[in-house]
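Letters A, B, C, D, E, F, G and H mark the chains in the order given here, with residues in each chain numbered from 1 onward.
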Amino acid sequence: MAEIPTNLTANPPVNAEPVEMLLNMGPQHPSTHGVFRMVLWVDGEKIVDVEPHIGYLHRGSEKLCEGEQYHQVITLFDRLDYVANFNNELVYCQAVEKLMGLEVPERAEYVRVILCELNRIASHLLYVGTIGLDAGAMTPTMFAFRGRERIQSVFEAVSGARMMHNYFRIGGIKEDLPDNFEQLIAELLPLLREDVEESDRILTFNEIFLTRLKDVGTISAEEAIDFGFTGPCLRGCGIEYDVRKAQPYSIYDRFDFDIPIGLDGDCWDRHWVRVREMYESLKIIEQALEQMPGGEVVSSLGRRLIRPPAGEVYMRAENPRGEIGVHLISNGTDRPYRLKVRPPSFCNLSAIRRLLTDSWIADSVVILGSLDIVLGEVDR
Amino acid sequence: MQGLAPLLAVGLVDVIWMVVSLLAMFTGLSIVVLSLVWLERKALGRLQLRLGPTRTGLFGLLQPVADAIKLILKEDIIPNSSDRAIFWVAPVIVALSAFMIWVTIPATEGLVLRNLELGLFYITAFAVIGILGLVLAGWGSANKYGVLGGLRSAAQLISYEIPVIMVVVAVGMLAKSLDLRVIVAAQEQIPYVALLPLGMVVFFIAGLAEVGRTPFDIYHAESEVVGGPFVEYSGAHWSVFFLAEYINTFAIAALVVLLFLGGWSWPFDAAALAWLPSLPDIAWVGGLLSVIWFLLKVYAVIFVVFWIRGTFPRLRIDQLMAFAWKAMVPLSFYAIVITGVYLFYDWPAWTLTVMSLTGLVVVGYIVYRKMMEPARRIAEIKARQAAQVAERRASRQAS
Amino acid sequence: MVPLVAFQVLSAALFAIGLYGVMARRSAVLIVMSIELMLNAVNINLIAAASHLDGMGKWANFDGQIIAIFIITVAAAEVGLGMAIILRMYRNRSTVNVDEINLMKW
Amino acid sequence: MAEIILGPGNTPAPSLLTQATAGKVPGVITTSSEQLFGMARKSSLWMLSFGLACCAIEMISTYMAHHDFDRFGVVTWPSPRQSDVMIVAGTVVKKMAEPIKLLYEQMPDPKWVIAMGSCATNGGPYYRSYSVVMGVDHIIPVDVYVPGCPPRPEALLFGILKLQEKIMQDAKNSGR
Amino acid sequence: MLNSVKGMMLTLASTFQGLRKPVTREYPKAPTPVQPRFMGFPALTWDNDVGEPFCTGCMVCIRNCPTQCMSASMMDNPLQQEGQSHRRKIVDYFEINLNRCILCGICVEVCNFDAIVMSHEHEMSTYERNGDRVALPALLEIGQKYQRETNWIPPTVLAKAKKDAEDATKAAEEAKAETAAAVQEAD
Amino acid sequence: MSWFLFIILAFFTLAGGLGVVVTRNVVHAALFLLVSLVAVAGLYLILFAEFLALVQVLIYGGAIIIVLLFAIMLTRTAEYPYISDNKQWPLAAVAAAAVGVVLGAAFLDSNIPETSPNSPAFADLANSLFTTWAIPFEVASLVLLVALIGAIIIARTGEDNR
Amino acid sequence: MPFEPSIYASNWTMVALSAIVAVVAIGGMFFANRILSSRRPSATKPSTYECGIEPARFNWYNINLRFYIFAILFLIFDVEAVFLFPWAVVFLEQRDLGNSIPFYAMVLFLGVLFFAIIYAWRKGVLEWQK
Amino acid sequence: MAANRHAAHGAEAEEEQPDYSVLTEKGLQTLELAEELFKDFNPERGLLSDLPQVTVEAAGIADVCRLAKSDPNLGLKMLLCLSCVDYEESFQLVYFLHSLEREQTLVVKTNLPYEDPEVPSVSDVWAAAEWYEREARDLFGVTFVGNPDEAPLLLYEGFGGYPGRKSYPFYEYREF
């Protein structure tokens, strides 16, 4: 057998690189958080390269906003980052208010802050649930959603909807809090704290969870800034940047709260920052409830058609996922001329290639989970 | 009297009896599987503060039945890129191995199909065949997730097979037999869990991995490889895998009970039962009681399995393999060595317990340290956080 | 009953099949499989002998079985090593085709 | 981009047995067996885990402890091969239309589709968008439309009940 | 290990809790009560005093709806000619495609006649794409149900009453203050 | 009865073996090998060598086939579906047939006095294995060790080359 | 236990039958599925599932060599188990006969194999890092 | 409309100077620094509500950004947002740069012609820019010379037109 001469040119090249496999994850994949899609080049269990694909939820919101009146745009903003609806409404309303130079009644500001912080908790609870699922644990999800459900029922009592509230108005809020709000929130807060604590206890320091997340998906602070990270993802890298503190909007300068930060910028740090943030949000809510004044909640604007003066404005706020920015251009008509949103998860997600390369296939899932993206906002 | 005769000794009537008993076994196992499915969903439900199935039959008891019927009624798709023969054969191999080991697993003294002298060896030998089925399933469906899952399953299952075999050997040494009935009988006095807790822990953990349950369910992890080797299977084929998985879970639980928890032996002897209103002194009553006792133990073990499933996230493949080869295999070696030494030098029983507990604690501590090692920075983070807070407070007070 | 010679003939046939495989196949993996067939033929022979023949001299009647165990052990080692070599070959040459492997150039 | 197929929803195709015995076996037997099958089908609706947009969050809520889809026997499976129901929860974007169609195709028969939310029903708030499919029924046949934006979990549960009714109705009809 | 054990204890505790008191609400048997403000699908209200809808068909809501899911037309009100009603125009035809409605509540906000409410109806699954195109009679029916269930009082009436009451209290206070002043003066 | 069993098992053994050497799909070849080996285990059973039968299933059916499958997956190339025999296959067939015939004839011709099949007790076998055969037993461990080390070295250097 | 041919025969017949019965039962299930299931074949239905995307080129997946080394390890230890099982049953018997060779032989054997693990460990093949 | 042109064409149409007093001291400083730094690129100062703004030539945008990022005084290490505005006669790209240390944002604007808008890519300055640029290319048809990825980001291959532009119509919804 051995004496048969071989014509090597007819054969595959010597030392041919073993071909990598192309693995497609998404748009329908249980752990791509909606319809994100990534194409992984894997070698064995290692990821060699990643090609992210977004746009499977590109609904053209920015364009649609140009066709809606100012008060109708709020409904579209509700649906951008559909886990943090109040926060989205807030930043939009503030942008228009800034454009119009409108003062918001004190009480309305407090109501807004309380609801936004509740929504932040709800959003982080969803995150805890999904990271649990991604890492393979089901029960934390259930615990987390128990808390979410409680928050949502308070939302329902306040705004009439569980998710798409359309409650904030330009210059105030739609109507005052319901009469039993105090009682509701007094019931809610201890339960919520318990839910947060339980989902924290079962997950954060669990050994397996820790080994899965620690030192995975590490990104340095410089790179994170380069990619435009904001929110918990940036704070996980040890940079203390929070719009609520850095450029306080609304009435955030009146509260005493800390900005949790991580150290290494890995998945676990991001997780930890979020978990701590929930406690901080609870703190803010408690303070806000204490300080809340009475009075009107709708500004003098009333039900008039909103026609801001021509001009341009950029408003930013801290969403659960990071800094959201609204670049609003008005030409004096009743519809925005151009509305551009700076979605936090868009920037956070754009680093996915850098984060995933050279990690395990199994890590891709937790890394993606720890970025906590919401596709509605990424794709708009 | 050796020679041709014995092979002819199995007459037609015997064969028919055997077939009947095997069919009974099959039915029994199917019912067990249904009960397990129900139990799993209910237990997980309660664990997660919800109800689990309630609307199909009383307490949702018919839920697994409905699932089973529906699966049979489901279209069975064979993907056209798959290797048809392998795609067909794989579930059969898995189910075959799952079913065949039950030939020799006794439910009580008399309730066993055939008692093999080499029982434990037989079980290990046929359990290995099942691994093949999973690899072939992944391979045959020619799906990337499937291949990935198949490979993961192979790597995982073969790695955890070693500790299982070793611990089984250790138990065989203690009982001086590979016959499961003898092993149970040897535990009349003390169940082996008291002698060899190490063995029980290793066997249970490796057993979890063998049946691919959380935290070792990486080969069919939904969030990663969307079902792994089973991704392309539908309808009846898929339900065969499902069946096999649950039969295997049950088998592992049963083996834990048989090897370490004293099987069907009661913790108290017959005299303790004397207070009962004069039990009819018939053999089958005692048998029935011991079967019930056995089943109770098995279901308790299975509940622990579900409980673990409800608590833990899953590991990553490299961590899993490292755990198998760096913790489980050395531990199982250690189990054999200490058992051997204990038996050979006739040391008192408690020495074995102490030795095995020592091993367990040492390795457990090392693993704990290793796993918590990345958390070393957590304290640092907290300190940094506190410093920052203090600083901010100070600056605020200053201003 | 089945006489010894039946097993022996069977083993001869299996051996021949394995031999054919070794000679005719081009894929190294398949050659290893064929070698396994040949080893099995030998084992059949050994065990049949152990079972049909009484012990002779210092040989106990089950020594055939013990030798078979050792053969299986060696076969396992052989597969492990052989496959490793084949893999190495594949990594270098991108083929497992023995005809195309010029060992001299390796 | 998507051609319009307006289907009457999905009805299970008759099995070989029903085809073979059509008319030969008393209707009572076929009807009752079909009803049994219908009952099994309706109480074991496994769902393709698949969420598109905001509605998906409410769908997940429906799975969770407060509403507990598991009570109805609804569980999720990640692969279409093992699922019976596809809940299209969210906005169907043109880019996503092809994958949805393919996933639907890959589900084994009998299968059902629930369009959850106004987006999946007819475009909802995005009815003027250039990139949204105005209703998932442009691509695949839909059995039950659950209105709302997003529908409350109760509304989705109600949709499941409606689907169960439909399955039983189909079973009755096919037995005849 | 330690934290794992803690986690297992937590789940065990929750098992017992789950056995005793699961958080699940058994939907068809015991549906979750909706909050009073809950915004279900919009419906039209019925003026019980006069026996006609509040809606005049003025199309304000239709123009403001972000999804354009409503349509309506108005007609002269026959009852007004009979002198029973103060509305000169009344709705003739009204349709909402509830499948499209996104429950935003803008229509309610902009309506000047208290004619439209967000009812508590939310379970409206259908088998057809346009199965929830609801026309006037059905809308009124839903609205009436809502009115019955919540003892609905038109918000303007409510606001007016509130204002009146406030005025009254203010007047009373003033009067009181005056009397007090008078008393003081008298002192 | 035992002839019947023997014929069935022999059939599977040979058919599996033939499958291994003629099939074009390597994975199918592995499956055929599995069939053949399990049938051989059956043959051991009718020879009363139950321990050996189980060893056969454990080692061959389980471990070796898995290793083979792994190797196949590691080396799967585009050529596999078209894998063919080399050109001298008729020659090989003739040679193999000749060897088979000669061996068979030799066996048929031999005249060893045989007893009826008997079985050693498992314990006897075990005792003998660890007393009489203790040295080969130790050597076996060394063989295994060497195989492992060799495999690791070979496979790892192969990896470094990439 | 003395060798009892009839028990032996019935034991292994049972084992063989169990395989046959299992295959038949599974086959019956497949058959029932075949005739009872509702089928609606279509051209795209059997296409390979890949998260809703048409499967991309399928270069055969070359698995990591790690997997292979684990397979070898498994093979070696499996073979070892073959020796362990008989030993487990008899070494005490031999000790009682005054022969401690089996015990020490096995200790040596285990030692050698444990060395194998240590070797693999030191070589880093258990680490999975590239 | 007039207002837009006003904003778009900056100083030429500008009648009254914006009121720089809304800027904080830091903001004013930033503005001056930036003007100084970008003096090769015809900077025009301006104001975006309360943020300092500099308008530069399109061709120099990449260099401007590089300068802005590397300059230790400005330290604008972060690209917050890149938005593209269609003024129907021209496009305007608005870069929001942010410095974390100084907690100060600077807006850099550049105008592009409506026909064949082309601008150097800043994706090698900030990694974040890559996706923003691809998005702007998808929606507005602006070409970014040097952006490594050619594939559409939000839209799919074969989508006709640039939906972000004002000239792209809304979808005409028809109920069916």
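One rule holds for everything that comes next: contacts are C-beta pairs under 8 Å (C-beta built on N, C-alpha and C of every residue); 3 or more make two chains touch, one makes a residue touch a chain.
Remember, predicted model here, so these are calculated numbers, not experimental data.
At the far end from subunit G, in terms of centres built from Cα atoms, lies E. For the pairs D-H and A-E, the count of C-beta pairs in contact is higher at A-E.
Distance between subunit A and subunit C, defined via averaged C-alpha coordinates, is recorded as 62 Å. Computed centre separation for the pair subunit B/subunit D is 36 angstrom, with centres defined by C-alpha atoms.
Rounded to whole angstrom units, the spacing between the C-alpha centres of subunit A and subunit D is 30. In terms of their C-alpha centroids, the spacing between subunit E and subunit F amounts to 80 Å.
Within subunit A, contacts with two or more other chains are made by residues 1, 12, 15, 18, 21-22, 24, 27-30, 45, 55, 58, 60, 63-64, 67, 75-76, 139, 142-143, 146, 149, 164, 202-203, 205-208, 379. Counting partner chains per residue, subunit E shows two or more touched chains at residues 1, 4, 7, 10-11, 14, 22-24, 26, 66, 68, 97, 102-104.
Among the residues of subunit D, those in touch with two or more other chains are 15, 37, 49, 64-66, 68, 71, 78-79, 81, 95, 99, 103, 106, 108-110, 122-123, 125, 127-132, 149, 152. Contact residues on subunit G toward subunit D in their complex (touch as defined above): 34-40, 42, 44-45, 47, 49, 51-54. Across the complex, subunit B is touched by residues 1, 5-6, 8-11, 13-15, 17-19, 21-23, 25-26, 29-30, 32-34, 36-40, 45-51, 55, 58, 61, 63, 66-67, 70-71, 73-74, 77-78, 81, 84-85, 88-89, 91-93, 95, 100, 103, 106-107, 110, 114, 117, 120-121, 126-129 of subunit G. Within the complex formed with subunit C, the subunit G residues making contact are 65, 68, 72, 75-76, 78-79, 82-83.
If you check the complex, the residues on subunit G that touch subunit F are 1-3, 8, 12, 16, 60-63, 65, 67-69, 71-76, 78-83, 86-87, 89-91, 93-94, 99, 101-102, 105-106, 108-109, 112-113, 115-116, 119-120, 123, 125.
By the touch rule above, subunit E contacts subunit A in their complex via residues 1, 3-4, 6-7, 10-11, 14, 23, 34-39, 64, 66, 102-106, 109-110, 118.
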